[in-house]
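Encoded as structure tokens, the structure appears first; notes follow it.
Should a chain be cited, it is by its letter among A, B, C and D, assigned in written order, with residues numbered from 1 in that chain.
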Amino acid sequence: MTLGRRLTAEGIGTALLLAAVVGSGIQGERLAGGSVALALLANTLATGAALVALLLTFGPISGAHLNPAVTLADASRGGLGWRDVPGYLGAQIAGAVVGVAVANLMFGEPVFALSRHERHGPAQLLSEFVATFGLLSVVSGCSRLRSATAAPFAVGAYITAAYWFTASTSFANPAVTVARALTDTFTGARGGSPTGAGAPVRETGGEEVRMTLGRRLTAEGIGTALLLAAVVGSGI
Amino acid sequence: MTLGRRLTAEGIGTALLLAAVVGSGIQGERLAGGSVALALLANTLATGAALVALLLTFGPISGAHLNPAVTLADASRGGLGWRDVPGYLGAQIAGAVVGVAVANLMFGEPVFALSRHERHGPAQLLSEFVATFGLLSVVSGCSRLRSATAAPFAVGAYITAAYWFTASTSFANPAVTVARALTDTFTGARGGSPTGAGAPVRETGGEEVRMTLGRRLTAEGIGTALLLAAVVGSGI
Amino acid sequence: MTLGRRLTAEGIGTALLLAAVVGSGIQGERLAGGSVALALLANTLATGAALVALLLTFGPISGAHLNPAVTLADASRGGLGWRDVPGYLGAQIAGAVVGVAVANLMFGEPVFALSRHERHGPAQLLSEFVATFGLLSVVSGCSRLRSATAAPFAVGAYITAAYWFTASTSFANPAVTVARALTDTFTGARGGSPTGAGAPVRETGGEEVRMTLGRRLTAEGIGTALLLAAVVGSGI
Amino acid sequence: MTLGRRLTAEGIGTALLLAAVVGSGIQGERLAGGSVALALLANTLATGAALVALLLTFGPISGAHLNPAVTLADASRGGLGWRDVPGYLGAQIAGAVVGVAVANLMFGEPVFALSRHERHGPAQLLSEFVATFGLLSVVSGCSRLRSATAAPFAVGAYITAAYWFTASTSFANPAVTVARALTDTFTGARGGSPTGAGAPVRETGGEEVRMTLGRRLTAEGIGTALLLAAVVGSGI
């Protein structure tokens, strides 16, 4: 499989993933009549199902990482060659941004709008650490199974659970973190991961948002690096 | 497997699929007490589950396309012979119409009633394009897996997500598009794809409906043709 | 595998299935605060999941029919020997009755109580015909797949859908039909199949219930026989 | 695989399981606006999905028992050596306690808080017996399938159903029983298994809680022992 074809698969797959995450969040919130639990149930169902479908679909082409953290973990374990990593990351982030734009357009929202949802604090950081740790464990553990279909179900199921069991409804996916800052809807996240479900919304200037995004990505980067070191070191 | 048996499988399978789509929509709306999100959750759950069951069931007989777009894509890639295509399309459309009638009868609705739900505009067209593009990608990608059971789960999961992440709750299935114009219930769609969930309902004459249906099918046809060219050309 | 062990598996499996069907119906209705859609969603989720678990569990022992209609269809196609059929049917019905009693006891209901839910008419009969036809198609079609795990998922998914797309929330399972007449809770059915969700409840004498049950089982028996003839004859 | 690595897998897996159970219970209750059914649906979805993901992930390393009852059943059938059993049980209980603490911290609750939820009586004991019997049957039956992926789905599906069909939303897992006594949130259980959904809450002293926990574990221990004897003896 040529690198061009693999990058196309990563880009399209991540775009469809973000379209599903953001689009189902918009539709869920619009139809839920004010019940955040119902909106998040719809969002969760659509996200988990989309992951199963997309990982089965693009797995045979590019490995279907659709996630910079998975790409880095795979390269750390000697799966993907390091020189393919920048292309993977670029395709994922570009795809994620396109996917958010597509979702916003499908529902008549502005193509891009800076999210005003926001959450802070150590509980959120712990949530993201737990979510990322769990996701990398799932990806790593399933690679031991001699089954091309186990990991798609495991990852879809894991994210289904993580939407509910982490306080940030974290995605453990930096491409999603960036892209969700670009929609001011249910799944939008000011500088990051929370769905903002139930969060108090307040107006902020663009500058502040970019700073928060920068800080959050730095925190995610350090956390991911530590995690990768731990995961690779422990061999789990 | 003889052609007659395969066409019977396509017809029965598509009829059961439409019975599930339309029937669960009626039951969901009746029991949901006005919550569109709850009705659509039930409709989604039943549709996705029916797809998994029916694709596993009829896959070994006819390939379980249950969808003219899938049949055309399969023939374009050299799977199904072109001379079997008209029979497949006819069986799918006839099955879809029978399935809608069965659902209407099971719930005491008129056998056929022109849908008065309607949605228009570029956001809807984008939704249908995205939904069809995604579905054909899923079908194409899963054909690379050496597993007869991966595609049924992937397609069921994809449609589960697409009900929520597209503004039209599109089916990416022309047979469904035709058939859903024939029920004036939750999943009914005037000339096409939307569930009409939450859509303003207004009375229209039959002539206008047929025109809308004609226009929509033309748009779907052109879109599908472009998609097929792109998919086949890119080899994804 | 000895016949005794297989009959034990059929009995325990059917008992657990009915405990799941009836128990989750009670719990769903108690917690749903009057929303029938929410109660049926919980009932559907639990029933579909229980079927997946139980068919995977008891499949390797007895084939996990857990359903007289499946046993008869299997014998008709030369799978199960006809002299094992009475034992299978007896174990299934006995298991189903025990399962209802267990569910009633777990939730502090009377061990047995004649159901007062009732539905009638041609729409109900059509629903049961469609449901049974679909289930036997699923079981038959999946037997062509060389996978011991496909049928459990397909049957679980099919019943998940059928709870919503048939007007009777039919089980297509005579053992369930008998047993559900013995609980006067959410899934209870006077002489048969409906969950009675949303149905007007009225008091009836035991005699009338038994007559209705008799009539319903006769109708189901004739319908199943016709179906089996059609299915076996057509070879689908 | 060294014992150290297997115990690490059991500990991490059980911690993530408890984080998912308790965390999704907190989030579900917070977002459900008073609907216990909606909160339990979210809790069920997250728990079942987490089980599928974690059993697929840690199965290839340690067998992914994540449950003292499963470890004891496995040792009884000659799977795990008896001298590894104490390590497994210790890792599971320690992991469960850590997981509850992580969930409490993620949602800003006290690290540990004795649960004030409580349920009693023979109906509860029957529920736990049925739940444990079913779980051990599922684990045992699936070991006959030549598939490394069947048991994770079967167990996840079984617990999904058991949350709804038992009056105690029992986990059939002593490590969970212990750990859930340490959170005073939706899934918290005074000395044990119930989610306490809908249960009247009343203040109790710590001493009384410990006694109840002790009594409940004794009952569970005796019940599990009897079950194991029956299961091993009958060979099901």
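Convention: contacts are C-beta pairs under 8 Å (C-beta built on N, C-alpha and C of every residue); 3 or more make two chains touch, one makes a residue touch a chain.
Just so it is clear, the model here is predicted, and its values are computed rather than measured.
Of all residue numbers that take part in the contact between subunit C and subunit D, under half occur on both sides, making this a different-residue interface.
A rotation of 90 degrees, rounded to a multiple of 5, brings the CA atoms of subunit A into register with those of subunit D. Relative to subunit A, the chain whose mean Cα position lies farthest away is C. For the pair subunit C and subunit D, the distance between mean C-alpha positions equals 29 Å.
Annotation: 41 Å between the Cα-based centres of subunit B and subunit D.
Within subunit C, the positions touching two or more other chains are listed as 35, 38, 41, 45, 149, 153, 156. For subunit B in complex with subunit C, the residues that touch the partner chain are 5, 8-9, 12, 16, 19-24, 27-28, 30-33, 35, 38-39, 41-43, 45-50, 52-54, 56-61, 102-103, 105-108, 148-149, 153, 156. Remark: subunit B residues 35-38, 40-41, 44-45, 48, 123, 126-127, 130, 134, 137-138, 140-142, 144-147, 149-151, 153-158, 160-167, 197-198, 234-236 touch subunit A in the complex.
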